[in-house]
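We just call them A, B and C in the order they show up, numbering each chain from 1.
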Amino acid sequence: MNPTVDALRATFGNAIGRGLESCGDTIVYVAREALLDAMTWLRDTPEQGYDYLVDVTAVEYRDRERLLEVVYQLRSLARRADLRIKVELDPHGDLTVDSVVPLWRGADWLERETYDMFGVTFRGHPDLRRILMWETYAEGYPLRKDFPLRGRFSRAEQVRQALGANPEAHYSMEELSIAEAYDELPADMKERLRHGERGKLPDTE
Amino acid sequence: MSKRTVELDLATPGLDARGQPVRVPLGVGDAPDATPPEPDLTGEHMLINLGPQHPATHGVLRLVVELDGETVVRVIPHLGYLHSGFEKLGEYRHYNQIIPLTDRTDYLSPMANNVGFALAAEKLMGIEITPRCTVLRVMACEMSRIISHMVWLGTTSIDLGAFTPFLWAFQERERIYNLQEMWTGARLTTSVTRVGGMMADIPDDFVAGLREFTQTFPRTLSEIDRVLTRNGVWVGRTQGVGALTAAEAINHSLSGPMLRASGVPYDVRRDQPYLDYETYDFDVVVGEHGDVYDRYLVRLEECSQSNRILQQALVRLPDGPVNVADPRVILPPKSRAMNDMEAMIYHFKQVMEGVKAPVGEAYVGIENPKGELGNYLVSDGSAKPVRWRIRPPSFINLSALSKMAEGHLLSDLIAINASVDIVMGEVDR
Amino acid sequence: MKRVNETKEVAGQSPNYLLAKFQALVDWAVNASRANSLWPMPFGTACCAIEFMATAASRYDFARFGMERQAFSPRQADVLICAGRLPFKLAPVIRRIYDQMPQPKWVISMGACASTGGIFDNYAMVQGIDTIVPVDVYVPGCPPRPEGLLYGVLLLHKKIKGESLFDRVPRREEQPLDDRGLRLPPEQIDEISEPFGNSVHQFRSS
């Protein structure tokens, strides 16, 4: 077991859950509230020095009793040590966790993808939008276990929604502000853009 | 023929009183009494859309670029145009059925992907592969590295204007394709590994063919080197372009040649060895400035190092079985399955139920040509994984694009985009 | 009952011998020109795009079939080769590019994913580009070998040489999407997107 687990427990006490080893990898559970502090400590303490974020993802289990876990894979390049941090969230409840983008910029797109696939919101993320699916994707969060493999809508409906996309609407509001192009658009196009391509208002309105 | 003067009555005047072109905003026809705003031709930024269908974006990548004249102020990449639902599909497939899926994520270096996934599945199940299989997998990984870097070289040369290295590089790829086809039957979607071994042992001509390749490949590399490395146009377009410091590279979680070109000597083969890489004699190629030129040099030299590893692997290839001797994991030979009851039952259980993994999870990162390819598998004791996560090196390397391209010209953006060495199948999965 | 002059109605060929011969000559010349200089628009997405590039490289070289100039602008292209899988996010893009191509235009669907959705029978993948654009030649394979793609191109040549300028075929007129926003009726799209064969067993997750 990676000695970091004991050092974490000494520093953060009850906020650190169980620590275990699976196939040679060390895993430690951290409470959601203490996540940002623990990550900052892990990165900045000289003896730990986890300066490299390998991956951010989430796991939802088939067993309905188990919680959804947000998984962070950290690495210390100098010490050649790996660590896996997990935060447990209730899949039927509030899926919010702090963003680690202020610590590692590489987490930017990784957290966006976790949001896109699982619906986990990252507090403090500079630009949390969908990245792999289109921004107003209406069928849900694909990697959740209650999402069927072939999607929720029928094939014809999926094709219709895909073809109905207004390509201009693929620009986000931020991009349209670049060329001041938004102000020049005709009123009906502005309305279509507000609704997104699928006729559904985005949730962050 | 008599001359006629035609008076044209334009709906809107082309030029205003000062001789500047008049910009007519969209929708002005709706309110013809409103005066159009004063055009501000200085300090106006342009919004340019590159892609998703574009020859120079290396796949279906869409870049929205904010330009101030010719200078890039901001670039916002849009992904997802090749999102195929691999990770979702992996939850509905047995471990050996996922191997063909891994071919199609990074389709430029399929055998390395196969090896990465097989290593993760074997770590999860606690299987140790045979020595012969270990050396064969090293050969597969290094062959994949060479073909991936050859595509990179060819397409980057085309983007920067040099067409001939593309043809040379693809000719070398064809020779590796011949070897891959000899071994697996497929040029591109090889599916060469299985959990616990390989799909098949190498055929008799394979070693001789690979040896001949390693002897003649350095000549092509030196030809490409002669054409590009000290070429004024090449150097002018790539030096000082898109530089990243080592600290920025680490903070952006870059990996592979992108990280090493910035001066960070981190190579998964050297620092977290797998497949006995610590016993091979090769150099880790590290750059200095982190610009496009350094990345080019790093990748070119990595091809020579891969050649070196291939030569060593050919010498040390041991005899012996390729698959582990565990009948619960490896399918029995067909003749035994047809004649022996026990073998037939093993065959039936593996095909109908799949190989069950114990409860647990495993992460294995390998040095893909693009960077660190990680496979994270979580199992609940059944034959299909609960979660299959691909840690995509190209996706993470691409997230640094906006940082690298700010302040450069539009043509530099093309060079920087090429230097990231992305393959959209892996970026979007 | 009104007697229909079938020869004139069904095919645009004239019943007059000399005129028919002239039409045949014109057709032969036009079709030969079209077939032997098909400029491809490579809509390459995934692995098939790599095999497409290998077909363009020196070993298989489809420049000898007249496809020397790959047109990256749809305005200058004759045949749209969809090489690779097509997710739903990319669907409006290919439809728009197809609409931007001037007539006469043909479509080659290269690979299993472009033809039927391939191994990706899931939420993200279009189950065959023929739900979106009309396809002339389907090239199976995952990915098809370069020889396979070349065979598909030769089949397209054969198809082109069988066309006639004097036929009023719907394919030579622009067919925008109907007011539902689809190219085919929804029942037909659902029918051709259904899994078949082994795929029907592949939806159990444990």
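Convention: contacts are C-beta pairs under 8 Å (C-beta built on N, C-alpha and C of every residue); 3 or more make two chains touch, one makes a residue touch a chain.
Nothing here was measured: the structure is a model prediction, and the numbers come from that model.
The chain with its Cα centroid farthest from the Cα centroid of subunit A is C.
Ranking B-C and A-C by contacting C-beta pairs places B-C first.
Core chain by CA centroid proximity to the global CA centroid: B.
Subunit A and subunit B have Cα centroids separated by 23 Å.
Subunit B and subunit C, compared by their mean Cα positions, are separated by 29 Å.
Distance between subunit A and subunit C, defined via averaged C-alpha coordinates, is recorded as 39 Å. Multi-chain contact residues of subunit B (touching two or more other chains): 80, 83, 85, 88-89, 92, 380, 428. Subunit C has residues 89, 93, 122-124, 203, 205-206 in contact with two or more other chains. In subunit A, the residues that reach two or more other chains under the touch definition are 62, 133-134, 142, 147, 149. Within the complex formed with subunit C, the subunit B residues making contact are 52-55, 59-60, 80-85, 88-89, 91-93, 100-101, 103-104, 107-108, 151, 166-167, 170-171, 173-174, 177, 187-189, 380, 382-384, 424-425, 428.
Residues of subunit A touching subunit B in their complex: 22-25, 27, 51-55, 57, 59-63, 71, 73, 77, 80, 82, 84, 104-110, 113, 117, 130-134, 142-143, 147, 149, 170-172, 174-176, 178-181, 183-187. Taken in their complex, subunit B has these residues touching subunit A: 25-27, 30, 44-47, 49, 62, 64, 66, 74, 76, 78-80, 83, 85, 87-89, 92, 123-124, 126, 250-254, 264, 266, 271-272, 360-363, 365, 372, 374, 376, 378, 380, 386-387, 389, 391, 395-396, 398-400, 403, 428-429. Of all the residues in subunit A, the ones that touch subunit C in their complex are 62, 133-134, 139, 142, 145, 147-152, 154-165, 167. On the subunit C side of its complex with subunit B, the touching residues are 43-47, 49-51, 53-54, 57-59, 72, 84-85, 87, 89-90, 93, 97, 119-120, 122-125, 142-143, 145, 202-206.
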